[in-house]
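Each of the next two complexes has chain A plus one more chain, namely chain B in the first and chain C in the second.
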Partner chain A sequence: MSTFIYLYGVIDSGLPQSLGSVKLGSLPREVRTLPLEEIAALVSETDEQNFLPTPDDVLTHEKVLETAMAEHTVLPIRFGTVAGSLEDVQVFLKENYRELAANLSQLRGKVEVGVKAFWHKEAVRQEVEREVGQLARLKQELRQAPGRQQEIGLAVGQATEAVIERWKETHVQSFLATLQEYSLKTKINPPISIHMLLNASFLVERDQEPGFRCRVLELSQVYTKKFGIKYAGPLPPYNFVDVRPVLPQR
Partner chain B sequence: MKTALGTTSLADVLDRILDKGIVIDAWAKVSLVGIEILAVEARVVVASVATWIEYAGAVGLLETVT
Partner chain C sequence: MPEMKLSSLDLLFLPLALPAKGLWFILEQITDLVDKELYDEGTLRRKLLDLQVLYELGEIQDEEYRQSWKDITARLQFLRQQQLSDENEGRQGV
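This part shows the complex of A and B:
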C-alpha cells in the first residue's frame, strides 16, 4: 500500500520533532515536522489520498495547528492537502522557501481572532413590525390562507432583509471601524448564515490579544440589544497567510 | 458575548479551514471536489425568493420554514 503525506501547515522551526499522535482518517497517526533549514512542514503519514471534511478530521487538522501555535509561528495549509511522498514535501519547501520564511517572519508573535455578529430575532422583528406593521395579523391570515405564503412571506422577508442590510451599513460598520483601530489587519468574509451580520477576522499581537478581547467585550455591550457577538481566538492565522506556492512541472 | 479559546464550533472551523490557508492546487484537486460543494452549500447567500422566505421565517412569520 502506498503511503501519502498529509500536510497541516508550515512552522518556523528547523528541528525534527514529534507533536504526538492524533486520529486522522481511520487510524491514529503521528504528527511530526519535516524540516528544511529554518522552517518545517507539519505532516502525518497516511494511506488515504482523499479527505472529505468529516467533523473528526476537520477538528484534528485544527487541533494540530492550535497545538503547534503554542510554541511556533504557524502558516496553516488548507484542509485536505495530501502529497504523494516526503520528497514532494521537500520540493514544496525548497521551491517556496523564501516566500514561506518571509510570511512566517511577518506573522511572528501575532495571532488571528474571529469576531462574528448575529442579529437578535426579537430586535429585528420589532423593527420589521414598525415598518411592515401587523405581523401578528399577517400570521393569522397566513394560517387561514396558506396559499398566500409566498406573497406574504416575500413582503416580510424583503422588509427583514432591508432592516438587516441597514444595520450592516450603520451599527456593524461603526463596531468594525473601532476594532480595526485596535488590530494590525482585518479581513471581512461573507456571512455564513442569514443570521450573521458580520464575519470578520483580525490579526493582533499575541500579547495584546487579551486586551483586544476586552475591547470587543466592552463594545459588544453598546450593541447588546441589537446583536450578539461570538469571539474565537487565539487562532492560527488562516486569513493572513500570503503564500502562493509553486511546484516544478513534471 | 460568547467567547471561545481556540477551537469553536464545527461550522466556525469549517469556515476557516476549507478555503483559507496555503492552497497547493496540484495536491488538493481530488479532495477539493467534495470540499467545494460543501463550502458552497454552507454559504449560499443569494438574494432570491428562497432567501426572502427564509428571512420571513427567521422573524417568526413562517414557522414551517425556520
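This part shows the complex of A and C:
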C-alpha cells in the first residue's frame, strides 16, 4: 500500500522534531516537522489519499494546529490536504519559501479569534409583534380565514427579516466597530445559519487576546437582550492567510 | 440566499445552546465551504455544517445525525471518485 503525506500547516521553526502521536484516519500517526531552512511543514504519514471530514479527523487536524500554536507561529492548511510524497512537500516549501516566510513573519505573535452573534428568538418576536400588529390578532384572523395562512405567514416572515436586517445595520455595526478598534484586522464571513447576525474573525496580538475577550464579554452584556455572542480563541489564523499547496497528483 | 427566507416564526429556534467552539465551529474554520472549482463539494460541506449545527443544538437525535453524516460523506466520496475517473479519462485522451 502506498504512503501519502498529510499536511496540517507550516510553522516558523527549522528544527526537525516530533509533536507526538494523533489519531488520523482511525490509526495512530506521528506528527512531525519537515524542515527547510527556517520553516517547516507539519506532516503525518497516511495510507489515505482522500480525507472526508469525519468528526474525529477534523478534531485531530485542529488539535495538531493548536498544539503547534503553543510554541510557534502557524500557517494553517485546509483540512484534507494530502501530498504524494515527502519530496512533493519539500518542493512546495522550496517553491513558496519567500511567501511562506513572509506570511509567518507577518503573523508572528498574532492569533485569530472568532466572534459570532445569534439573535434571540423572543426579542425578535417582540419587535415583529410591534411591527405587524399583535400576533394574537393574526392568529385570530387565521382561524377565521384559513385560506390566508400563506399570506399571513409571508407577512410575518418578511417582518422578521426586516427586523434582523435593521439590527445588523445598527446594533451589530456598532458592536463590530468597537471590536475593530481593538483588533489588527477583521474578516466578515457570510452567516452559516439564519439565526446568525454576525460571523466575524479578528486578528489580535496574542498577549492582548485575554483583553479582547473581556471586551467582547462586556459588549455582549450591553446587547444581551437582543442577541447572544459565541467567542472562540485563540485559533489558527485561517481567515488571515490562505495557504493552498498545489501538489502533483499521484 | 433563498434558503434563508423565513416564512413562519415556527422555524425559529434558539441557537445559543450551541457550544462556543463545537465541531460546527471547527468545521467552518478548517474546511472550504465555498470552493469555486468544486461547487458541489462546497454544497455538501455546507450540508455537513448545517447538520452539525442542528445536532449540537439538540434539534436532531444521534441516529438521524449519524445516518445523515454517512449519507453526505458517501456523496462526497462519490463526487471525488467521479472527479478522479474524469481526470484519468482526460489523461488517456491526451
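Here is the rule we use: the second predicted complex is superposed on the first by the 227 of 250 C-alpha atoms of A that agree within 3 Å, B and C clash if a C-alpha of one lies under 4 Å from a C-alpha of the other, contacts with A are read in each partner's own complex, and residues count from 1 in each chain.
In the analysis below, contacts are C-beta pairs under 8 Å (C-beta built on N, C-alpha and C of every residue); 3 or more make two chains touch, one makes a residue touch a chain.
What you see is a predicted model, and the numbers here were worked out from it, not measured in a lab.
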What is the contact status of A:S105 with respect to chain B (first) and chain C (second): first, second, both, or neither? neither
Partner chain(s) touched by A:E62 [first = chain B, second = chain C, both, neither]: both
Contacts for A:S21 in the overlay, against chain B (first) and chain C (second): which applies, first, second, both or neither? neither
Would you check which partner chain A:T170 touches, where first means chain B only, second means chain C only, and both and neither mean what they say? neither
Should A:T3 be classified as contacting the first partner (chain B), the second (chain C), both, or neither? neither
So in the superposed three-chain picture, is A:F92 touching just chain B, just chain C, both, or none of them (first/second/both/neither)? first
Look at A:Q140 in the shared chain and tell me whether it touches chain B only, chain C only, both, or neither; answer first, second, both or neither. neither
Who touches more of chain A, chain B or chain C? B
Once the shared chain is lined up, is A:Y231 touching chain B (first), chain C (second), both, or neither of them? both
Have a look at where A:H120 lands relative to chain B and chain C in the superposition and call it first, second, both or neither. second
Considering each complex separately, which residues of chain A are in contact with chain B in the first and with chain C in the second? 50, 52-53, 55, 58-59, 61-62, 76, 78-80, 114, 116, 121, 124-125, 128, 135, 153-154, 156-157, 160-161, 189-192, 194-195, 228, 230-232, 235-236, 238
Sites on chain A touched by chain C in the complex: 50, 52-55, 58-59, 61-62, 76, 78-80, 114, 116, 118, 120-121, 124-125, 128, 135, 153-154, 156-157, 160-161, 189-196, 228, 230-232, 235-236, 238, 249
So, in the complex, the side of chain A touching chain B is made of residues 7, 9-10, 49-53, 55, 58-59, 61-63, 66, 75-84, 88, 92, 114, 116, 121, 124-125, 128, 135, 138-139, 142, 149-150, 152-154, 156-158, 160-161, 164, 189-192, 194-195, 199, 213, 216-217, 220, 228-236, 238-239, 241, 243, 245, 247
Would you mind writing out the residues of chain C in touch with chain A in their complex? 1, 4-9, 11-16, 18, 20-21, 23-33, 45-46, 48-50, 53, 69, 73, 76-77, 80, 87
Flag every residue of chain B that touches chain A in the complex, lowest number first. 1-8, 10-24, 26-28, 30-32, 34-35, 38, 42-43, 45, 47, 49, 51-62, 65
